[in-house]
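Notes for the one structure printed next.
Each chain gets a letter, A, B, C, D, E and F, in the order it is written, and its residues are counted from 1.
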């Protein structure tokens, strides 16, 4: 499982992400402050998406990989502090072990 | 073979799962209490799906991976206790060895 | 190469298998007693399919994996004893070595 | 690189192979005596196909793997002796080293 | 993560790259001085694309790999000095560690 | 990175290659003297294609692998001496290290 945060992502970076989004509300992401990226196995990414969704101030999207239905990457959009909080929450939940899922 | 249980999954998490379901009765999953996730090789997942199907109080769906026909993940929907029972049953059957399949 | 036998497969398990079958005679499998699963490399699975086809009382189908033309799994349908015999025959032929193929 | 020879292949085995052939002359293979299978990396399989094509009494087809254009397996059809000769020739050429290709 | 720079790329090389570009403005690349190539995991390539986009004098494109939506390679077009600067900036950012992303 | 040279390729071998070519000028390859094959990672193959394109007397094509846009193999057509020269040039450039790309 890997994590990255891009602050004030460039337009070209957002275009790359938008071309791979599973959902249709792509216009909502025109002025994002930061984007958090989490990559891992599909089973982990579904759990990570759920943790991030339950955090405040962020929107979660799955970014398609080699084929349309393969989710290997999720993107978390929001202001920098909220994205960092969501990623810390994902890390914390993972460290608590599988019992808490 | 990996296991996860998500309690009261968020709407976004359910959307991600629904987009990858092989069956068509997707409206049945609007108010699930918990979802169990099991990921593994295709041969194991078909056996795991059969064990879970024979458990009570749960519904089993295969969640498509990188391509439409690749089943690398199954989801088990139901109340938390039933989902946990189904996953324990899968674990128990696997520990009994291949003879019992 | 891996082997599994599912006795009295559930309807959901048969649905998962039917959605991935290469052939069209899917209605023939409504009341199968047992299903044997064999997973391996494509070259081995073609040989295994040939051994099973030459056994009595079973029907062999290839179950598609990640993409329509990728055979990583074959299913052997029939009564439990015939399916077990076919799988033992596959194991025996493999142990005899490549000379006998 | 792996090799297998199936003598008097069953109808079901031939059906599996025919569904994956790259060429269209599939009716030519209704009464083959034997089929040799060679699996390996694409670069090796193109060389192996060339060696087999230059042998006498056999027909060579590429059998598609996970996607239509992925050749991971070639099939060599003919009488048993010719198929065995073609496979021995492939083995011999490979042992001579890359200099002779 | 791997890096390469091709100076004065040949027409055939540009054709190979253009056939894999995600965007549509392919005519802009007819007289490029140099092309930098960066290959890596999807999460790293999105970050690398963002770093390169924020550099001056270069254009960034994702080059599709095995399937249309799989980005395993990005190309950075511009004069040689600008491409080299963009790649050095990607290397530098990566060495600073994940904290700075 | 692997290399092979096929001298006077058979018609069947050329058919396999032509079915996987990215370009459309497939009739130009009816009487080739030799074909050099180079297989490797996409980033290396783009560089190798550029080196071969800048050599004299050869034509370079990318041969598609598991999916239409995945280049894992390039073919270099020409008389035997020119193909060998192009492959030696690719090897030499690779040994000089990444600095020279």
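Quick notes on this structure:
Convention: a contact is a pair of C-beta atoms (placed from the backbone, for glycine too) under 8 Å apart; a residue touches a chain by one contact, two chains touch by 3 or more.
In this text the structure is predicted, and so the values were computed from the model without any measurement.
Path length between chain C and chain E in the chain contact graph, taken as the least number of steps between touching chains: 3.
By the residue-number overlap criterion, the interface of chain C with chain D counts as different, with under half of its numbers used by both chains. Our note on geometry: chain B versus chain D, Cα centroid distance of 40 Å, whole angstroms. Distance between chain centres (mean CA atoms), chain B to chain F: 46 Å. Chain contacts: chain F has residues 65-67 touching two or more partner chains.
In terms of inter-chain touching, the protein chains here make up one closed cycle, each touching precisely two others. The ring sequence of chains is given as B, C, D, F, E, A, with chain B as the starting point and chain C next. The part of chain C that touches chain B in the complex is made up of residues 2-6, 9-13, 15-17, 19-20, 37-39, 63-68, 72-73.
In the complex of the two chains, the chain E residues touching chain A come out as 22-23, 41-44, 46-47, 49-50, 53-54, 60, 62, 65-67, 69-71, 98, 101.
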